[in-house]
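Could you have a look at this structure, given as structure tokens, before my questions?
Chain lettering (A, B, C, D, E and F) follows the sequence in which the chains are written, and residue indices restart at 1 in each chain.
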Amino acid sequence: MSQIEDFRDYRSKMNEKLLSNDNKVIKRLYSLDTLTYQNSALDSKTKEMLGLVSSMVLRCDDCIKYHLETCHKLGVTTDEIMDIFGVANVVGGTIVIPHTRRAIEYWELLHKEN
Amino acid sequence: MSQIEDFRDYRSKMNEKLLSNDNKVIKRLYSLDTLTYQNSALDSKTKEMLGLVSSMVLRCDDCIKYHLETCHKLGVTTDEIMDIFGVANVVGGTIVIPHTRRAIEYWELLHKEN
Amino acid sequence: MSQIEDFRDYRSKMNEKLLSNDNKVIKRLYSLDTLTYQNSALDSKTKEMLGLVSSMVLRCDDCIKYHLETCHKLGVTTDEIMDIFGVANVVGGTIVIPHTRRAIEYWELLHKEN
Amino acid sequence: MSQIEDFRDYRSKMNEKLLSNDNKVIKRLYSLDTLTYQNSALDSKTKEMLGLVSSMVLRCDDCIKYHLETCHKLGVTTDEIMDIFGVANVVGGTIVIPHTRRAIEYWELLHKEN
Amino acid sequence: MSQIEDFRDYRSKMNEKLLSNDNKVIKRLYSLDTLTYQNSALDSKTKEMLGLVSSMVLRCDDCIKYHLETCHKLGVTTDEIMDIFGVANVVGGTIVIPHTRRAIEYWELLHKEN
Amino acid sequence: MSQIEDFRDYRSKMNEKLLSNDNKVIKRLYSLDTLTYQNSALDSKTKEMLGLVSSMVLRCDDCIKYHLETCHKLGVTTDEIMDIFGVANVVGGTIVIPHTRRAIEYWELLHKEN
């Protein structure tokens, strides 16, 4: 389980550091980020899937992990995740494949966790 | 209506040219592209929304237009589109704004068309 | 002068449309964008130069134009602009050159305007 | 023929403007750009094909046009160009398709020119 | 030799996982990827060089390693590799340098392997 | 201190390898890179800040570290760094956040070093 916990610990520790510097722009961006995935016309689950596919085509491993976690919590199935991987790899091309390999590994770790 | 029709005409004319050269890789990519958005674990509508948000963060105006058209056909509402714009602009940053301006213009044109 | 005015008109017209849809995420992102370039530890002029170089390496022509306008208002000289172009082209590579061509054209238009 | 000539004229006019400002970094980058595609371990033709595929995956239309011109001069065939398009579209994904449409149009214009 | 083998093992293990989920889009993309680099108008060696330079400008370390391996098998020389690095760094800019450092390290490891 | 020193050692060792291959293009790019950040119309400090923000929006961790080091040497304060982080995160979006977390960690390490 340590890969998941290491990731979570590092993320929250560094987020605290960043926010402790009291920079208004950074603080508002963080609160905007939270607002973005709340239920509105689209529900959180759909928005998290949108966040995941965006992170994949932009090839940001940490962002992918984060959205995989929330997708997992919100009940996205493995078949749905594979569909998201499909869109990401076709739109973004084969350079997305290495990130997809790390994504499937993390997705499985999340399932083993509980 | 001409901006929409010009876009469609150019796209289909050039797609024909590309496919007429009989390059196997290009042909299979085009058919894979079609397959990608068909109903499977996720339905077409959700997949088109995934395609739209991906096109926005990757800042491809023509791809955005294409997915706006299919989203429109599949009944995505303006409030849902605005939510997708929201995710795209927060994940991808303010460099997505100019593409969002062109997207809202095209979205309105699609509504005027029928 | 029309290229400048066309750009300004289109931008403000479409921004209005986007904001009129009353999407909270989009609205807050716009106000965050304004906050970002205000005087703080770094002054507005330096921040606008940071915004310009970022827009160049990310190759967003409309963003470049916008920051060229604010840089011009804040008294950035042509030699300073050329230095920013230099950093952008070395960091981002020769794919930035076409955007730099359009940037120098717009920079000259701004000077002719007043 | 005018699309080709307009492109060439604009490019050389703006390059002159950029170089006339006498910025050392910009000047050296331009001369480095020229050096890059000269015969060395790989010949110019192969290097231009490398420049073309790079421009495609980075989705820079003007860069694509430029390398299409040099590829055309150096005798790259349409079948070879289609192979380059294939690599670019598979590596870079379907967001490269709109640029490929504009590329095939320009490639045909170059053939009609002589 | 372990860095090379670790990379190969992880890649094939995760590819298996991805393909075992039986997602049609992912499966066809993988087979399209194989097709892309086969001899056609351009030979495999040239296509692998195109794949390498594309991976470099898109800054995908795993993709770079993969194409370095195939380039090595197909007899690309170190001087030719350096030429590819040159094109990638000039087109993509100095942000490609860190990836080029990791690429030269991997290239040397491949030579030590046999 | 070891993370900093590991980074410096690897960088200089691999740079040597790359330069020892005597490729003209790579050599000139390296010397152009040095020239880019020297005092001219803008001073080195401002240029390094431009280099930092560019590296952030392009999401190149090693480039970020390098510019953080030079910014630190040239007396950029933590509040100024936070302003740069702000511009980078707003322009480039939340995908820049993970890189910002690693940047603040490295920035603190640099302060502990002396």
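Just so it is clear, contacts are C-beta pairs under 8 Å (C-beta built on N, C-alpha and C of every residue); 3 or more make two chains touch, one makes a residue touch a chain.
Remember, it's a predicted structure, so these values are computed and weren't measured experimentally.
Asks: Minimal path length between chain B and chain D through chains that touch?
Replies: 1
Asks: Copies chain C, chain F: same or different interface, half of numbers shared as the threshold?
Replies: The interface is built from the same residue numbers on each side, given that over half of them are used by both copies.
Asks: With centres defined as the mean of C-alpha atoms, identify the chain lying farthest from chain C.
Replies: Computed centres place E farthest from chain C.
Asks: Suppose a student superposes the Cα atoms of chain A on chain D; what rotation angle should they report, nearest 5 degrees?
Replies: A turn of 180 degrees brings the C-alpha atoms of chain A onto chain D.
Asks: Average the CA atoms of each chain to get its centre, and name the chain whose centre is farthest from that of chain F.
Replies: Ranked by distance of C-alpha centres from chain F, the top chain is B.
Asks: So which of D-E, B-E or C-D is the twin of B-D, meaning more than half of its contact pairs are the same residue numbers?
Replies: Within D-E, B-E or C-D, the interface duplicating B-D belongs to C-D.
Asks: Mind checking the centre-to-centre distance between chain C and chain E? Centres are C-alpha means, answer in whole Å.
Replies: 37
Asks: In angstrom, rounded to a whole number, how far apart do the mean CA points of chain B and chain C lie?
Replies: 26
Asks: List the centre-to-centre spacing of chain A and chain B in whole Å, with centres computed as mean CA coordinates.
Replies: Chain centroid spacing, chain A to chain B, equals 23 Å.
Asks: If a residue has to touch 2 or more other chains to count, which residues of chain E qualify?
Replies: Only 23-25, 29, 32-33, 36, 40, 54-55, 57-58, 63, 79, 82-83, 86-87, 89-92, 94-95 qualify.
Asks: So with touch defined the way it is at the top, what topology do the chains form here? Options are line, ring, star, complete, other.
Replies: Complete.
Asks: For the complex, give me every residue of chain A touching chain C.
Replies: 23-25, 28-29, 32, 35-36, 40
Asks: Can you check the complex and tell me which residues of chain A touch chain F?
Replies: Residues 10-11, 14-15, 17-18, 21, 23-26, 29, 33, 54-55, 58, 60-63 of chain A touch chain F in their complex.
Asks: Please give the residue numbers of chain B that touch chain C in the complex, ascending.
Replies: Of all residues in chain B, those touching chain C are 59, 78-79, 82-83, 85-87, 89-90, 94-95, 97-98, 100-102, 104-105, 108.
Asks: Hey, which residues of chain F end up touching chain B in the complex?
Replies: Within the complex, chain F touches chain B at residues 57, 89-96.
Asks: Which chain C residues qualify as touching chain F in the complex?
Replies: For chain C paired with chain F, touching residues are 32-33, 36-37, 40-42, 46-47, 49-51, 53-55, 57-58, 63, 77, 79-80, 82-84, 86-88, 90-92.
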